[in-house]
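One chain, subunit A, appears in both complexes that follow, with subunit B as partner in the first and subunit C in the second.
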Partner chain A sequence: MTRMRFFHCLALVAVWLTLASGCARAATLAVIVHPSSGVDSLSREETSHLFLGRIKHLPSGTPAVVLDTTSLRADFYRALVNREMNEINAYWARLKFSGRTQPPEQIEDAESVLRRVASERGTIGYIDATRVDKRVRVVLLLEY
Partner chain B sequence: MVWRTTLLMLFFGALVGALVALASTVMVGREERNRMQQHLAELMATVERTASIAAFARDEQLATEVARGLLLNDAVSRVVITEGNHVLAILGDEDTDTSGVMRLPVLTRPLNSPFAPEQQVGELRVWPAGSKIAQDAGAYSRFIAVILLVELMFVVLSVAWVVFNVFTRPVKKLSDDLHHLEIGEGAHVAVPNGHADDEIGRLAGDINALITRMDRVLDAERDARAQFESSERKFRLIFEGAETGIFTVDSGGRLHDWNPWLAAKLRLPEREGHERNYLLGDLLGDTSSRLDTLMVRALSDQRPTSADFGVQQHDESNVLWLHVVLNPLPDGLLQGIANDVTERKRAEARALAMAERDALTGLLNRRGMEHRLNNAIDALNGHGLALMLLDLDGFKQVNDTFGHEAGDRVLSSVARQLESVVRRTDLVTRLGGDEFVIVLCALESPDTARFIATKIVGTLARSIDVGDGQSVQIGASIGIAYTEAPGTRPDALMRRADEAMYAAKRAGKSQYRFAP
Partner chain C sequence: MTNRIFLSLLLTLYAGTTTAASDDAAEPLWNFGGFGTLGAGYHNRENVIYRRDLEQAGGIEGHKLGVRMDSRIGLQASASFTPRWSTTIQAVSRLSADGDWKPMLSWGFLRYAPTDWLELRAGRLGADIYLEGDSRHVGYAYTAVRPPAEVYGVVTQDRFDGADLTVRTPVAGGLGSLKMYGGQSRGDFYLYGQRVTQDDATTLGATLEWANDTLTLKAAWADIHARNDVSLLRLRDALTSIPLAQAQYRASQIETSHHITFAGVSARYESGPWSLQGILARESFSQFPRYTGWGSSVVAGYRIGAWKPYLTWGRISFEPDESALALPPPAAALQTVYDQVVDRLTMNQRSLGAGVRYDFATNYALKMQVEKVRASSSSILITPAGMPVRDTSLTLFSVVLDFVF
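Showing the complex of A and B:
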C-alpha cells in the first residue's frame, strides 16, 4: 500500500515537472512603452526595426530610447527575428564600427527596465509578460 | 631552295599566327570580360552582408565604407548603395571608356534584410572599369601572341630543318648528280642514303632506268650512224672519183650539188657552201633555151632525156662538148650526168668536113656547096647573091697532052687563084671535072659580081706551070646568076648560071655572061 503511494507520488512529480517545463517554454515576453508615448501597439516588424536600429523614432514621432534586458536578450531576439545572439552581436559589431547607429542600452534586470520605461517617455524595452504592471503599456507580446 | 621553302613557311606561319592572334584577341577580350564579370560578382557577394546591414540600418557611414572598399579594386569604377529611394553612398566616377567590346553592363545586386531574407531593403550597384578590362585583355593577348610567336618560330625552324635534311638535301644531291652526269658513259646517279624505300629512292631508280634506256638508244644510234657514214663514204668516193660529171639541178636550172669532175670542167668551186647560184644553162653556154626544153621534157615525161652542149672554153679556140643526161627525181629535182664527148665531136666534125671537100683541091665539093648555098640564100636579108658557074677552056687538051698529073696541077692552081680573088666568106667549089662554082654573098649590087668575074677571067687567062719546065694557057667561061629574092631555089639558080655559061662559051671563051 505504501509502495503504491510512493509510485503515485512519483508519477505526480513527473507530470508536474513536465507541465512546469511546458509552462516555461510557453512563456511570453512583453514589449513595453511609456503609457503616454502615443503608441498603442507595434507590429513585429516595427519592433524589430526599432531594436535593430533601422528606425530611430517611435511611430508617434518621439525619438526612441531602446533598452535590452540582458537576461532575456537571447530569447527576445530569437522570438523576434529568429536569430541567435552571436548573429545579433556580429550585426552590431559592424554598425558600431561606423559609430552612427548605437545598439540598445544593456539593462541587467527586468525591474530596472520596468522602472526606466515607466519613467521616460520615448523608452521602449521588454520584460517577462508576468511582470507587467500599470506603469507601462504593452505594445507587442512575443511568445517563446 | 631550302631558304625559299623556309621563307614561304615563315610567311604562311606568320599569316596563320596573325589570324590566330587576332581571333584570340577577340576571344581573350570576351573571356576577360566574363572573368571580370565573375570577379565583380564575387566581390559584390563578399560585401553583400555588410552592405545589407548598412542598408537595413540606413547607415551611410557603413555604406560609404563598403563602397570605398569596393573602389579599392581596379575593376570597379563607381559604386552606389541605395536604401529604397534613399542613396546611402555614391562613390567613384562613371567609366569614360566606351569601346564596345570591353563595355560591361552595370552590375546590380539586391540587398535583403539580414533578418528577413525575403524582404529587400536596398540595392548595390557597381560600374565595371572597362579600361581595366581592356588593359588586362591586351596584356593577356600579348602574352598569347608572344607564346604563339615563339611556338611558330620553333615549328618553322623544325620544319625547315626537317625539309632540308629529309627532302631538299637528297633531292639537291640527286639534282647535282644528274646535272653532272655524262650520258652514254654508263654512269648512274647514286640513291641518297636512307631513301632507298621512299619516293626519292624511286625517283633515283627511275632516273637510272631512263639513263640505261637512253644509253641503249644512243648505242644503237651510234651504230646506225657508223654504218650510214661508211656507206656514205663509199658513195662519196664513187661520186667524187667518177670520171664523169654528176650533179643535181632544180627546175629553175640552179645547180645544187656537183662532183669534182664537173667542178673542174665548168670551173665551179670544189665544195658546196657557195653563196652564189650557179645556173646550169649559163655554165653550158646555152643561149637558145635548149636546156630548158630538155628539163621540161624530162619533168613532164618523167623519163631521162639527153642532149649535147658545146661549152666555149676560156681560151676561145676550144669547145668542150658535154653529153648531158637529165633524170627526173622526186620534188622537182633533176639528177644529171655529163660526159665529155669533145673527142667524138671533133672526129665527127672532121668526118663531116672530109665529106664536103674535094680531095684534090681542098675546095668544097658539090655536097658542101649545096649545103652552104641553102644557108646563104636563107641569110640574104635584102642583099644580093651571085652564083658563078665556071668552066675551064682547053682543059681536055692539057689532060690529053700532058697527062693527068699535069691536069691535077692545073686544077689545084686554078683553085688557089680563085680563092685569092674572092673574100673569105665567099664559097669556092669544084663540082667535078673542070667545073667550078663561086658563090658571092652579101652583095650590094651585081657590079661587084661583074668586077670579080672580070678579075677571074683575067687571072685564069695567064699561063700555068705544069712541071718539067712546061706551062699551059687555058681560060675560063663564066655564067652568072644574080638574085636578091630570099625564096630563090638553088637548082633554078644553077640552071640559069649554066645557061649563061654556055652562052659565054658560044660567044667565044674567056668571057662571062649574066643570066637574064
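Showing the complex of A and C:
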C-alpha cells in the first residue's frame, strides 16, 4: 500500500514536471499590428520578409514601421528564422552598410511596443502573447 | 575632387527631393553609424608581402607584425525623407593603392523605391558581386577575417558612379530580385610598384538573387570596360619595329581597349548553428595576352554560443592565352620584357584556413585565423618592390577585432 502510494506520488510529480516544462516551452510571441492596418494575418514568410528588411510595406500597402522588442529579440528570431542573435546582427551589418536598408527600431520593453503599435497605423512589432489586448490585432503567433 | 562633386550632387538632389516629397513627410529621419576593423597579422615568408586584394600598396611583410592590411574604418549617414526617398553616404579609410589612408567615398546615392518591388538608386554605388553585402570592407558581416582573396582579391574596381535598378518579386517561398547597373568605374589597383587607375572605364552589371530564411542563391555578372589603356603601347611599338611576322602579329593583338569580366554563382546556407557558403567565379581580363581563370571559395562555420569556429578554402587560377614569341638574339632585352608582360597577371594560388569568431559583446567580434597559402604565381602576393611572387608558400596568422556602431 505504501509502495503504491509512493508510485502514485512519483507519477504525479512526473506529470507535474512534464506539464511545467511543457508550459515553459509553450511560451508564445504574438506579432501585432494596428487594427486599422488592413492586415488580418501574416504568414511566417511574410513576417520574416518584413523583419529582415526584404520588404517595407504591409500586404495592405501601408508603409511598415518595424519594431524589435529588445528583451524578446533572441527568442523571436530563433522562433521565426532559426537564427541566433549574433548571426542576425551580422546580417544587419551586411544590409545596413551596403546601403540597402536600416534594421528595425529597437524598443526596450513590450509595453512601449504595445503603445506604439496601438497608436501608429503602419507599425508592426511583437510581444508576449499574454500581454495582447484589444488595442492591437494579432497577425501571427510564434511558439518558442 | 570627385568626392566633392558627388556630395554637391547629392545635396542638390536632396533639395529637390524634399520639395517634391514635402507632402509625404515633414522631417527626414537621419541615421548615423559606422564599422571598423582593428587587425594584426604575421607570416613566415621573407621578402613576400601578403595582401588581401590588388588594391593595397602594402600588406603584411614576412616575419613582421603588420597592422595595416585588415584595419579600416567606415562612417555612414543615411536619411529617409519619405517612405519612397532616402539617401546614404559612406566613407571608408583603409590602406589604399597610394599606400595612404585617404578616405574614399564608398557609397553616396539617392534612392527611390515607389514599391517593395522596384528600386532605383543613383550616385556612387557598388558592383553587386559580393555574397555578404555589396562591400568588402565590413568585416563584422563576414564569418572569416576577410573576404576570400582568391575570388574578390582581383576585383577591386568595385565602385562606380551611375545608377542601378532592382526589381523584386516573391517566388517559390522566397524573394527573387534582378538588379541591373552601370556607370563610370571607380577603383584602383597596385601592381609593379605603382598605382594603376583607369578613369575612362565603365562598369556594367546584372545580378539575379533569390533568398529565403535559410538560403541565398546569387548569380552575378559585371564587366569593366576600359577604352584607353596605353600601358602596353610601348611594347606594341617595339614589336612593330621587329621585321618578323610573329612579332607583327603579337603587336596587332595589343589594343588600348579591354574588359575585366566577373561572372560568379554563389550560395549561402544559414540555419541554426550552421552556416555554409560557397562561390565559383569565372574571371577574365581581355588585355593582351588575355587572361582567363576561375576563383572559388568555401567557408563553413558552426556556432556554439558566442563562439563560431570555421574553415575556409580558396583557389584562383588565372592564366594567359597561348602567346609564344621567339625574337632574334639582338632583341633579347625586348624578349625579356615581352615574357614579363605575358606573365604579369598569371595567378595560381590556393589557401586553406581555420579560425574562430568570438562575439563577445553585441556588435563586437574577435576573430583569430590561421591559413596556409601556396602560390606558384601570384599578383596578390608581392615582393617589397611591388613585383609578383612566384613559387612560394606561407602561413598567415591573423587577429582582428570587428565592430559596428
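Here is the rule we use: the second predicted complex is superposed on the first by the 120 of 144 C-alpha atoms of A that agree within 3 Å, B and C clash if a C-alpha of one lies under 4 Å from a C-alpha of the other, contacts with A are read in each partner's own complex, and residues count from 1 in each chain.
Here, a contact is a pair of C-beta atoms (placed from the backbone, for glycine too) under 8 Å apart; a residue touches a chain by one contact, two chains touch by 3 or more.
Because the structure is predicted, anything quoted here is derived from the model rather than measured.
Aligning the two structures on subunit A places subunit B and subunit C in a clash. In the superposed model, A:Pro63 makes contact with subunit C only, not with subunit B.
Shared-chain residue A:Arg94: touches subunit B and subunit C both. Of the two partner chains, subunit C is the only one touched by A:Gln102; subunit B is not. Between subunit B and subunit C, the partner in contact with more residues of subunit A is C. When the two complexes are overlaid on their common chain A, residue A:Gly53 makes contact with subunit B while staying clear of subunit C. In the overlay built on the shared chain, the residue A:Gly38 is in contact with neither subunit B nor subunit C. When the shared chain is aligned, subunit C comes close enough to touch A:Glu84, but subunit B does not. Residues 45, 48, 52, 54, 81-83, 91, 94-95, 97-100 of subunit A contact both subunit B in one complex and subunit C in the other.
Residues 45, 48, 52-54, 81-83, 91, 94-95, 97-101 of subunit A touch subunit B in their complex.
Contact residues of subunit A toward subunit C in the complex are 45, 48-49, 52, 54-57, 63, 80-87, 89-91, 93-100, 102.
Residues 50, 53-54, 56-62, 65, 114-116 of subunit B are the ones that touch subunit A when the two sit in their complex.
Within the complex formed with subunit A, the subunit C residues making contact are 31, 33, 35, 74, 76, 78, 80, 83, 88, 90, 107, 109, 111, 113, 115-116, 121, 125-126, 130, 132-135, 137-138, 140-143, 168, 170, 173-175, 211-214, 270-273, 275, 303, 306, 308, 359, 362-363, 365, 404.
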